[in-house]
């Protein structure tokens, strides 16, 4: 149910991250190896930061693998921080407003996974969203609701705490409806400076997520690889499943953890949802 | 902001109603004369009843005028009751889930007009929808919310009363937010047997709506017209603006009225919204 | 590279053939087992005969598996002869004019396979098409060119001979350009009465193709299966790969053969292309 | 039948040219004043030059006026030379491969107008295209054929001579088929350095075309207008119909003329097609 990629580092042409590597995200749209579904053909999205005030977002309901416009935009857009997402729809319609990443001001948000039996608890969750944010909801995806819940619960101030509260609420409302595993997934969110990533599921069997190793280490491992000389020192990718063909280039994120992408290997922290009654405590 | 057409009578090929007449609905998608907008190119929809349990619905985000699939389906589908709608989007996204007609079980619903400052009152309106219906809302159009409000307020038992209550609620919630003219439009709804049509706006300047005269009268007026010999006696069309080229063939619905399409000239009734506190009274 | 299905028999709702069986064609659009590609997500098409003069054609660039309009049309259209096709594009654009089936008058045509190195010989092949047919070519697919070549070479009079000549021309022109295996595939064509099917490849390793056994035999094999009591005696399906879960229900078409679908097990004939210089001889 | 815009000057955000002015090209997609059609809703295209080797091209079959992706890309892409085109289809399908601008290597090409009775002469024109270019033809638009004819006849060496020969061929082949007015339109082509524009029709009643006056002159005319202070000295726009609200800002190109956009008012030259037998002479 979806695969995604996040990049942060010196500006690069998006196509170098999205198309050039073997088993790229575009290839994963057709032939995912580690995903819950092989095919992620129900649309895609690209969100990128540049010199403008808000990030750009390009979303389409076509499969990514043959989309000529995505290829063009990736070949002509440079960005220091971007998200790409290929979708396998489960339940909600194939329409642009259900494609990730979602955007609010300078924030982007994307997700691989689901809210269990979303229809049963959607109304309660939507009611928990700040009424001033409510009109911004344009689609019907569970992820969009999770994003606005997180914004309501402080995403812009403290992303890990806000997401812990949002997922805590999802779990609480889900359990009230008898849902065994209310949340599943990996999440990325960014504000144009940092990228926060999360891996968590109620069941404890979360969708896969990998960090690229730091570029210095990779260059030592593969001194012959020209591409590693071209990449900036602080470049970092976070992906649902490894791209490229370099063994040892990727570190799997542990279950129930979060981190911030930046220079050096990420300092991973344990992640635990905050139940609504404990909403004062924060994980960070 | 949209144009629509409803047909009831002996089964006909949909193309005869949709494409054949001069200034057809398809022509109105490009060159509306009486609409608030000349162009209604933000998608379209077709809903038709046949021998199956629920009506079929075909919706697209392409403009109707050049849509090859609509042409094919219209040329191969016979129906005794169908709705067609061409959309001019105002505010909500161009996506299939925002295209009319909307469907619930055997019911179809379409609208030309708007809920004033919908964003400001959408949340309140959505909260008034029966929670068991809530998960069926797939898009973000004001009309879809009006449909589910009407269903909540008894559409399946008494369409005029339910719509009076629903529009009454829209007006009440709108006025609380300072909206001067909360409702505008013409509405059609059907259950596979009858078609109910409504023309009303808070402002008292409603979108145009016309009934075709009964076929006997038309044959007397135009004895030479072969097409009128082919049409069944009880055939009736209701349209946002007249199609065809026969003067005298159409009767304008008066302001603030409703009617049921059937044999003979429709018995038009006055329409008045029922404010929430008066919700016991019904107009029929 | 595509999967297809053809049905002939008493009129049925298309959905019963397209969606109801296990491992249906719609499932094959996402999870093909025998195809050259697992995913056939680059659009689809449906062509059906009814009481109208020409068959209807509905084509879309969306993947079939989540297409709501296909589901609706299949659930509301009855036909005694229809083609359905899910596409995996190889080379030509994902656009409706490249989706199968193609239509000319009462004829439909669809294909799973390819013309080898089509770009190298496309111009020569197009020049061999009757100039009066040339303006009807709307897309850029190899199959559309093969269809108009076949029409030029007599498809409407003798489909097996015309296809043998058309493929003979493809092989001749291909070989002149050094193409080792100029043709690959299975083809179906129909005129509203009969369905002709072909399995052939220059290489002798053709895409898979199966006939359903005659309904009498199936009923003897599976007396408990209610669905087999509902199907008409003369019903027949031809499919790229078996649908449903009844062992013994399908007969594989041999390499280099053709047949006409009708009552009784099809009389299969050997198929061999006719080289341009031998164009007088016909295989039937 | 279409409206277009070309910009050359210091790099600007495309949205400033495409969305910001009153009666912008986006507005013209819905409400053209001078075009043959009011509505240009059958898709659009954007082609832009940047630091990459070939220009980027983004094309869509949605109407431009509500396309969210066009808005995003225009708001995040800077270019020193770009083309934008909104389409009103006449005859050929609404598909991306029929949308302007067309691209070959570093060249872009767009057109407002048509080849008269194209179906009757298309085959002859296509045969005149260099066979090595033939496989690049992806759609079925008359303009794409004109582009590849022009490339065949020397566009990359001498655009005015090549276009004169190409249109000469169109006129010759058209007349042989009894077409009274074989060519109509305005054309723009660019190689990343210069923009050539043409206005010509066999009939002598060509689609409208306007040059912006040079920026110095505009600043003198409108010293208060902040936007004119922000624009680079050498900025120039060429448009099907004037955008913005500054009287005197636009100069109409005369009938049967061509020019190169650059600093200073353009040196316009007379344009006359070169009949095939005179193909040695060049207009420049």
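To keep things simple, chains are lettered A, B, C and D as they appear, and every chain counts its residues starting from 1.
To be clear about the criterion, a contact is a pair of C-beta atoms (placed from the backbone, for glycine too) under 8 Å apart; a residue touches a chain by one contact, two chains touch by 3 or more.
Since the model is a prediction, treat every value here as computed from it, not as a measurement.
> Shared touching chains for chain B and chain D?
In this structure, the chains that contact chain D and also chain B are A, C.
> Averaging only over C-alpha atoms, locate the centres of chain A and chain B and give their separation in whole Å.
That gives a centre separation of 41 Å.
> If I count partner chains per residue in chain D, which residues reach a count of at least 2?
68, 93, 96
> Taking touching chains as linked, do they make an open path (line), a single closed cycle (ring), a hub with spokes (star), an all-linked set (complete), or other?
Contact map by chain: complete.
> In their shared complex, at which residues does chain C touch chain D?
93, 95-97, 119-120, 122-123, 126-127, 131, 134-135, 137-140
> Residues of chain B touching chain D in their complex?
Chain B residues touching chain D: 30-31, 38-39, 41-42, 61-63, 65-66, 68, 89, 93-94.
> Touching chain B in the complex: which residues of chain C?
13, 48, 50, 52, 56-60, 68-69, 72-73, 75-77, 96
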